[in-house]
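Both of the next two complexes hold chain A, though its partner changes from chain B to chain C.
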Partner chain A sequence: MHSGRQAGYTFMALGLFFLGIYLLSAYGNHYYQRVGNLMMIYVILTVSLNLSSGIMGISSLGQIGFMAIGAYVAAILTLPPGLKERWLTGLPHWMHSIQTGLLPAMLLAGLLAAVVAFLVGIVILRLQGVFAAVATLGFLIIVKVIAENWMTVTRGGRGLSALPAYTNLWWTSTAAVVTIYAVWRILKSPHGRSMIAVREHDLAAQSVGINAPKIRLLAFVISAFFTGIAGALWANLIGVVSPGSFYLWLTLLIIIMMVVGGMGSVTGSVISAVGFTILLELLRGFENKIAMYGISYIIFAVVFLLMIIFRPEGIMGDREFSWRNVRRIIPLP
Partner chain B sequence: MSSTAYFFQQFINALSLGSIYALVTIGLAMVFSILRLINFAHGDLMMIGSYAILMLFNAGLPVWTAILAGVAISGITGIIMERLCYRPLRGSAEMNTLLTSFAVVVLLENGAVLFFGPNTQPFGILNFIQPTLAVGSLLISKIDAITVVLTLAILILTALFIKKTTLGISMRAVADDLTASQLVGIPLNRVIVSAFFIGSLFAGLAGLLWSARAGKIFPLMGFIPVVKAFVAAVIGGFGSIPGAVIGGYVLGFAEVFFVALLPPDFQGYRDAFVFVLLIIILLVRPQGILGAKAMERRI
Partner chain C sequence: MNINAISISFGGVKALDDYHLNLAPSRILGVIGPNGAGKTTLFNLITGFIRPDSGHIYFGDEEITHWEPHRIARKGISRSFQNICLFNRLSVIDNVIVGCQIRQHPSLLSALFKTPGFKRNEKKLRDSARRLLSVFGLEKQSDQRAMSLSYGDQRRLEIARALAARPKLLMIDEPAAGMNPRETEDLLALILKLRIEFDLTIILIEHNMNLVMPLCETIQVLNYGRLVAEGTPAEIQQNPEVIDAYLGDENDIASHGS
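Now for the complex of A and B:
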């Protein structure tokens, strides 16, 4: 198929998507808007985790630590100055009077998460497999312990509340589209090919001249950048950040989304994040109806266990969406 | 209190904490040495054992019966876990089994929230034991003393079991060379199930001791101990059972003296310190103190 025509289809699909976003933000009720926002945030988290874990093959259990860093950076930047002066006595004085909007908060959140990922990555990425997994889990626990104890900057276990609700559907959907586009471009670039080569066979990849440690660090840092942005969006959507929000449950949730979608497939991650967000909301309603709180976590864990036993490659494997395949099924012009 | 007495009390405290870590780590190391599986759900067996003991005790059972039954329940849960979650995954990628054990954690912890409620419950069934033992001018917590003595007895029994019994020898053979042990007809499933069972019994017992020390139990109590047991296993040399014991004690001492030596403001960072230690050891001496063999793919 002609590539210009494919681009045309893509722009039309994007147009329809943003028309949907417009309709939802103009006419949808508060609940649907909130679910839409969460859906976009989960898409960003899953797609960026897929870059480092699925495509690059780093076994990371610490991804949510970067989200926590992003969320706290955004929370500290967007907190009203009065509260900042009262709660965050450990900040330098000049920061007390600053209150930024969402865009600078997002970018700084992503940037700081990326810087931390760079420093942590230099150390942790020398480990392989299960050892990398437990070391990154250790990183997550370290982030949580710091958030709980650094009272004068994070306000400890009470968390930071009364954050302005800057996040809306336009921000989250644009950030999701940018993330998908960026990860897609990386996947199709020489860098992406190198990542897959290193994942499949480290030594063979190095012997054809790929700098494996460097490419692993690159994937880790980019992935942390987008995860930090998701944290910033989350903070200004929910309005509260506390250490317990960014821990095991969210870690498992995005891993489930990635594995069920298919490790290595951006399309799979998007489908799975969208599907699981809807499932999560349905289960939450069910949970309230039968008053058995926590049952949705159990159902999620069981779904994951069945998936990993019977179809470990996930919904998409490492295949991707293409207009060519769509045209085989639906006769597009 | 003189500084010598303070030091000695911290020493007993560290010995007791190290004993609990050693008990948890043995189970983790036994399973790992055979299957190359890091079973995060191992910590939840501590939680299940403690809740079972408390419920049986509240139901009117004598305390020692409740303890024996609770530890047995923990052992049986370990066997069920292996059968339902890990056996179907034999031979699949290391990362898949690790993620599976993570999902089992969520399953068990939320199951516990559902059945026992999310709140912390007091755990005082060992309170009938005199709280302290006076040795000269020293006051030693009796729970700590029992923990240390009991663990030592169990460690000696375990060492004899592994060295002398057929099952123990089979276990070492499978850990050493899986294919060759299959060729001489060692029943793999029986060895794996025994490793899970013994490890889970120890986890149940460690749960009792841990909960008695803390005086409370809650559904998520098992997670931090198991991740720390992993650190202990790495310190000793992963997969080696003597290494697991040494690592457990080293970690117990490192943690207690970290807290004792630092100003109170930093004590909240105790867990962070443990994981910084983990990352340093993984980088500097990944084979651990006893230098376990290289981690090749298994099964």
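Now for the complex of A and C:
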């Protein structure tokens, strides 16, 4: 198929997507808007986890640590000055009077998460497999402990509340599209091929000139950048950040979303994040109706187990969406 | 290529002991010896996967003894592996493209914005990979995953990937293992062709004398990590120590001829 036509389809699909976002923003009720926002944030989290874990093959359990960093950066930046002065006495004085909008908060959140990923990665990425998993989990725990105890900057266990609700569907959907696009382009570039080569065979990759530690670090840092942005969006959506929010439940959730979508498939991550967000909401409604609290987690776990048993490679394996395949099923012009 | 007195031992085992090599450009060297003689260890030392306990390795006019593997590869040494090590889930052509993109420093930004330069470079990579695959008769399989290839094709793809990195020195570790006589003959012709087309210096590890004898100008014989003989194929065939080292081995050297 002609690549110009594929681009045409893609633009049309994007147009439809943003039309949907417009309709939801203008006419949807608060609940649906909130689910839409969460869905987009989960898409960002899952796709960026897939870059470091699925595509690059780093067994990371610490991803949500970068989300926490992003969320706290955004929270501190966007917190109203009065509260900042009262709560965050550990901040330098000039920061007390500053309150930024969402865009600078997002970018700084992403950047700081990336810088931390760089420093942590230099140490942790020497390890492989289970060792890397344990070390990254250690990182997550350290982030949580710091958030709990650095009272004058994070306000400890009480968390930071009264954050302005800057996040809306336009921000989350645009950030999700940018994340998907960026990871997709990386995947189709020499860098992406090098990442997969290192994942498939570290030594063979080095034997054709690939600097394996460097490419691992690159994947890790980019992944943390987008995860940090997701954290910022989350902070200004929920309005509160506290240490417990960014811990094992979210860690597990995005790993499940990635695995079920297919490790290595951007398409799979998107489908899976969208699907699981809807599933979780439906289950929650169901749970409230029959007043059997906790049942939604059980059903969720069962769905995951069934997937692992009957389709261990996930919905998409490591294949990707293409208009060519769509045209085989639906006659497009 | 120049190797000076390298030694390495693993635990108590001396895998390579006071090994020397002086290899002029465009020559083909064969390295033979019984199982566990230290042949693969030699490759691992030259390509930087392991470090020698003592000794020096020179390539061109530089000492590469303690270089990282990827840097040695960029300098112009490529290898294939005894136990096939392909990028299994990448397509056949992508395996080769990964080799082709060595010594390139494409920017991430050009990939993100899909600049004309980026597209041109991708097309160039794909074209040269395709050309290389056709030399190896693998062009029909180029979109399959590497893991789906037959054993012989996988071995050939490994050499194709190594060549894609444009090496000056190509090192091949038992390429004929598991091949039938016919395939071995084809491989012989292929290596002879590649050598001229790409102006290669080659080091070949091989048990199959039908490949080693006609191909190599010099042969080194290793046994228990020691260099026991070095010479032309004719000299090696008559060397009593060599016959000794191989005695009782299935690859009895005297029964094979060039």
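Assorted remarks:
The definition used in the following text is that the second predicted complex is superposed on the first by the 333 of 333 C-alpha atoms of A that agree within 3 Å, B and C clash if a C-alpha of one lies under 4 Å from a C-alpha of the other, contacts with A are read in each partner's own complex, and residues count from 1 in each chain.
Keep this in mind: a residue touches a chain if its C-beta (ideal position, glycine included) is under 8 Å from a C-beta of that chain, and two chains touch if they have at least 3 such contacts.
Here the structure is a predicted model, which is why all the values come from computation and not from measurement.
In the overlay built on the shared chain, the residue A:148 is in contact with chain B alone; chain C does not reach it.
When the two structures are aligned on the shared chain, A:174 is found in touch with neither chain B nor chain C.
By the touch criterion defined above, A:208 reaches chain C but does not reach chain B.
A simple residue count on chain A separates chain B from chain C, and the partner touching more is B. Of the two partner chains placed by the overlay, neither chain B nor chain C lies in contact with A:322.
When the two structures are aligned on the shared chain, A:182 is found in touch with chain C, with no touch to chain B.
After overlaying the two complexes on the shared chain, residue contacts for A:200 are found with chain C alone; chain B is out of touch. In the superposition on chain A, contact is made by A:190 with chain C only, not with chain B.
Chain A residues in contact with chain B (one complex) as well as with chain C (other complex) do not exist.
Only residues 36, 38, 85, 88-89, 92-96, 98-100, 102-107, 110-111, 113-114, 118, 223-224, 227, 230-231, 234, 268-269, 271-272, 275-276, 278-279, 282-283, 286, 295 of chain B touch chain A when the two sit together in their complex.
Interface residues of chain A, counted against chain C in their complex, comprise 182, 185-186, 188-191, 193-194, 196-197, 200-201, 203-212, 264, 318.
Across the interface of their complex, chain B is touched by residues 59, 61, 123-124, 126-127, 129-131, 133-135, 137-139, 141-142, 145-146, 148-149, 248-249, 252, 255-256, 259, 292-295, 297-298, 300-302, 304-305, 308-309, 312 of chain A.
Across the complex, chain A is touched by residues 47, 49, 68-70, 73-74, 78-79, 81, 85-90, 94, 97-99, 101-104, 106, 108, 111-112, 114, 118, 125, 161-162, 164-165 of chain C.
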